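Chain lettering (A, B and C) follows the sequence in which the chains are written, and residue indices restart at 1 in each chain.
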Amino acid sequence: MADLKQQIIAQLNLKDLKPEDIGDDQPLFVEGLGLDSIDALELIVLLQQEYKIKLANAEEGQDVFRSVRTMAQYIREHQPKTV
Amino acid sequence: MSTPVFIAGAGVISAIGKNIAENLSALENEIPGMGEMVHLHSVHHHKLPVAEVKMSNAELAALACMPAHISRTALLSAIAAKEALGYAAIENFSELRTGFISANTVGGMDKTEDFFVEFLNDAHRGSLRNIIHHECGAATELVADQLGIKNYISTISTACSSSANAIFFGARLIRQNMLDVVIAGGTDALTKFTLNGFNTLMIVDQQYCQPFDENRRGLNLGEGAGYIVLVSEKVAASLKNAPVCTLSGYCNANDAYHQTASSPDGTGSYLAMKGALQQSGLQSAQIDYINLHGTGTQNNDIAEGTAIKMLFEGHYPPMSSTKSFTGHTLGASGGIEAVFSTLAIQHGLIYPNLRLETPMKAFPFIPETHFKKGVSIRNILSNSFGFGGNCSSLIFSKA
Amino acid sequence: MFIQAAAGISPQPSFGALLTEPASYAGNRLSCIEPDYSQLIDPKMIRRMSRIIKMGVAAALDCLKTSATEMPGAIITGTAYGCLADTEVFLSKMIENGEELLTPTAFIQSTHNTVGAQIALLLKCHSYNNTFVHRGFSFESALLDAVTLLQEQHASTVLVGGIDELTDTSFALLSRFGLYKKDISSSKTLYDGAAKGTIAGEGAAFFLVAAKHSGKDYAQLNGLYTFYKPRDITDIEKNIQSFLSDHAIGMDDVDLVITGQNGNVHEDAIYEQLAQTTFKGKANAVFKHLCGEYPTATSFALWLAANIIKAGVVPSCTLVNSNNKHPRRILIYNHYQNTHHALYLLSAC
């Protein structure tokens, strides 16, 4: 999850944050990290780029991006198996 | 009430036709302009339908009497602006104080993106001719020079509300007695830049868009240009063909909610419509037709509809989004829809909102689904809302 | 119309520094001296902002602070090139990635109205908001819009600014057009010799303008006039004369003329001819060696003029040729590539 946090920080240009500043279960949006709909779109591309996972639509992201933990779990469940 | 500003002429080119007659015919026969892209070369060509003007740059250049290597944005602009000026038929045009106020969002990007392919490989390569008209103002000047307008030239870029603001600003300069005639509106050509940009926002519909439908999926991008000729009362009185329409109200407000998203309650949209009504001295019940911004995105249509609900509760006028024909033409949309509005007043028309299957559950009103003529229309409200919270509404009234 | 406040981010540290230690530059490219933005802009918003947005927003906020205005009646910006860095990022990635795997941030921040929009968002300002993008007239159009809004009594104060950024790419491209001098050792020597080319610049300057006198104004803006592609020098002279007579004054009533020489012998010829005719014998200051040439450089000139009137002193680094230390009326005349000509008239309040 630390890698994922680092990727989130880089993708969203959260310069002032270190990976340890983001709690595993801390909400990423609104009251938590304060991310918005544009960040959700950025995270969708992150999943695609780093984990080859394609989300069908932006709404699906709402559940996936609740926290770093939900995101990591989604990645584990959906990552294409390496042959 | 302040001095009226009259509309002496109009001109349009869009995916549904290269002039007013062709556009009106497509509107009447309910033929949309979307399809697979032909002139824009994008990897998304099979996937994302666009509302393209059905002419090559060479064909547009021949019609515009301009060189074919310049930006499509300028070619589209010249064709529509000339048509508008032709209809106005102002005899002593060269003796009057004239202005050209045009809008666009990405200037000569259609050429820049070709240039950049070579430039990224080698900073010394790429034909400079392809980038010389990159600035938004360049297209405006190419056309102004061709029309022989030099007293006042300007370009506005406020995303999708750009050309509504150009019309609005032009009208104010006439009211201020700084100019006698202003050709105002906007232009935008399809570009890979904007298509991909909107696509990253996941708001481009892979089918033909369905504005104000419960199951809407997003917008289709379009291209084109639309201009109206604004004249002072004095010039209006001197014209052979008396103007049929005035610009009676306008307002620009900012949603101040998010860089791209509209606020859920449509604050900016509400303020723009309310302000335009106030300025025109009209009550909401006096509006006979609303030309919606109606892009077909989840976000725009719920915000715009919510604002309409607040303002028109109890007496909803007929309304429709002509973007269901033309696609979203961005910097041209306010201009094209201003032309459609003046034509609606002139000929008593209400345009259909194509492909409406399931009206939005949140609203008690349903957009018009059929073309109507012979309707008495005195006042039309036209909405244009854009990125950056920029919201503008215009009201056109029978002269 | 009154200029209640003027604030700028430019290649010069401040107006005070112009009097004591003006910055000079080696080479043909001047870049803005930028403040520590984290002290000025909400960190949540700053992470998406490119340089031009930060410069514009910071200058705008500084201007509001100086005038003690919480909420302007309108926000209007002028920019010829818009948000170039974001445009380049999105365009380059689009080409490199073959239109796949693109992210929205650079695109949404690339629209020309982003600076005006971000200011509105920060202030929660729902009022009139407009952006002009007409080359060398971008700032003048914005200011004219502001003037008319005040005249129409639509607003009592308007925040208006001119912003353009220079990026590595735009500098490389404009250099290919032959715009800049190749061998200039210092910006101080910009006007020496009869050579082609100028030096590149950038900046953000914002003004809070008001219909009414506030008692603490920088200056009064008496007039603004633009003309496009004049036929010849006689046409230019005629335009200047008629601008002055529209304001019921003559050249004798002007204490200082600020002109836009940029070191390009072809473009400066116009100013030289005027120095022999219309501007003959007038105190004359120049500014483009201080900010570089760019389409909205007149916003720097207006910032300079407003500060000169307020401070009652003309910085000697403007190469002013007069001893009149206390100009009460200033005329600014600038042309951009002999296409966009602009005149401003300012006076002490």
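One rule holds in what follows: a residue touches a chain if its C-beta (ideal position, glycine included) is under 8 Å from a C-beta of that chain, and two chains touch if they have at least 3 such contacts.
Because the structure is a prediction, the values reported are computed rather than measured.
Enquirer: Relative to chain C, which chain has the most distant C-alpha mean position?
Expert: Using the mean of the C-alpha atoms as each chain's centre, the farthest one from chain C is A.
Enquirer: Is the number of contacting C-beta pairs greater for A-C or for A-B?
Expert: Result: the pair with more contacts is A-C.
Enquirer: Taking each chain's centre as the mean position of its Cα atoms, how many Å separate chain B from chain C?
Expert: Once rounded, the distance between the two centres reads 30 Å.
Enquirer: If you average the Cα atoms of chain A and of chain C to get two centres, how far apart are those centres in Å?
Expert: Here chain A and chain C have centroids separated by 42 Å.
Enquirer: Distance between chain A and chain B based on Cα centroids, please, to the nearest Å.
Expert: Comparing mean C-alpha positions, chain B is 38 Å from chain A.
Enquirer: Mind pulling the residue numbers of chain A that touch at least two other chains?
Expert: Expected reply: 38, 41, 45.
Enquirer: For chain B, write out the residues touching at least two other chains, lowest number first.
Expert: In chain B, residues 200-201, 258-260 touch at least two other chains, as defined above.
Enquirer: Touching two or more other chains, which residues of chain C qualify?
Expert: Counting only residues that touch two or more other chains, chain C contributes 48, 102-104, 108.
Enquirer: Residues of chain C touching chain A in their complex?
Expert: Its residues touching chain A are 43-44, 47-48, 101-105, 108.
Enquirer: Write out the stretch or stretches of chain A touching chain B in their complex.
Expert: Checking each residue of chain A against chain B gives 36-38, 41, 44-45, 57-58.
Enquirer: In the complex formed with chain A, which residues of chain B make contact?
Expert: It is residues 200-202, 258-261 of chain B that touch chain A.
Enquirer: Could you pull out which chain C residues touch chain B in their complex?
Expert: 48, 75, 80-82, 87, 90-92, 94-96, 98-100, 102-104, 107-114, 116-118, 120-121, 123-135, 137-138, 141, 145, 148, 151-152, 172-173, 176-177, 226, 228-229, 339
Enquirer: Can you list the chain A residues touching chain C in their complex?
Expert: Chain A residues touching chain C: 11-16, 34, 38, 41-42, 45, 48-49.
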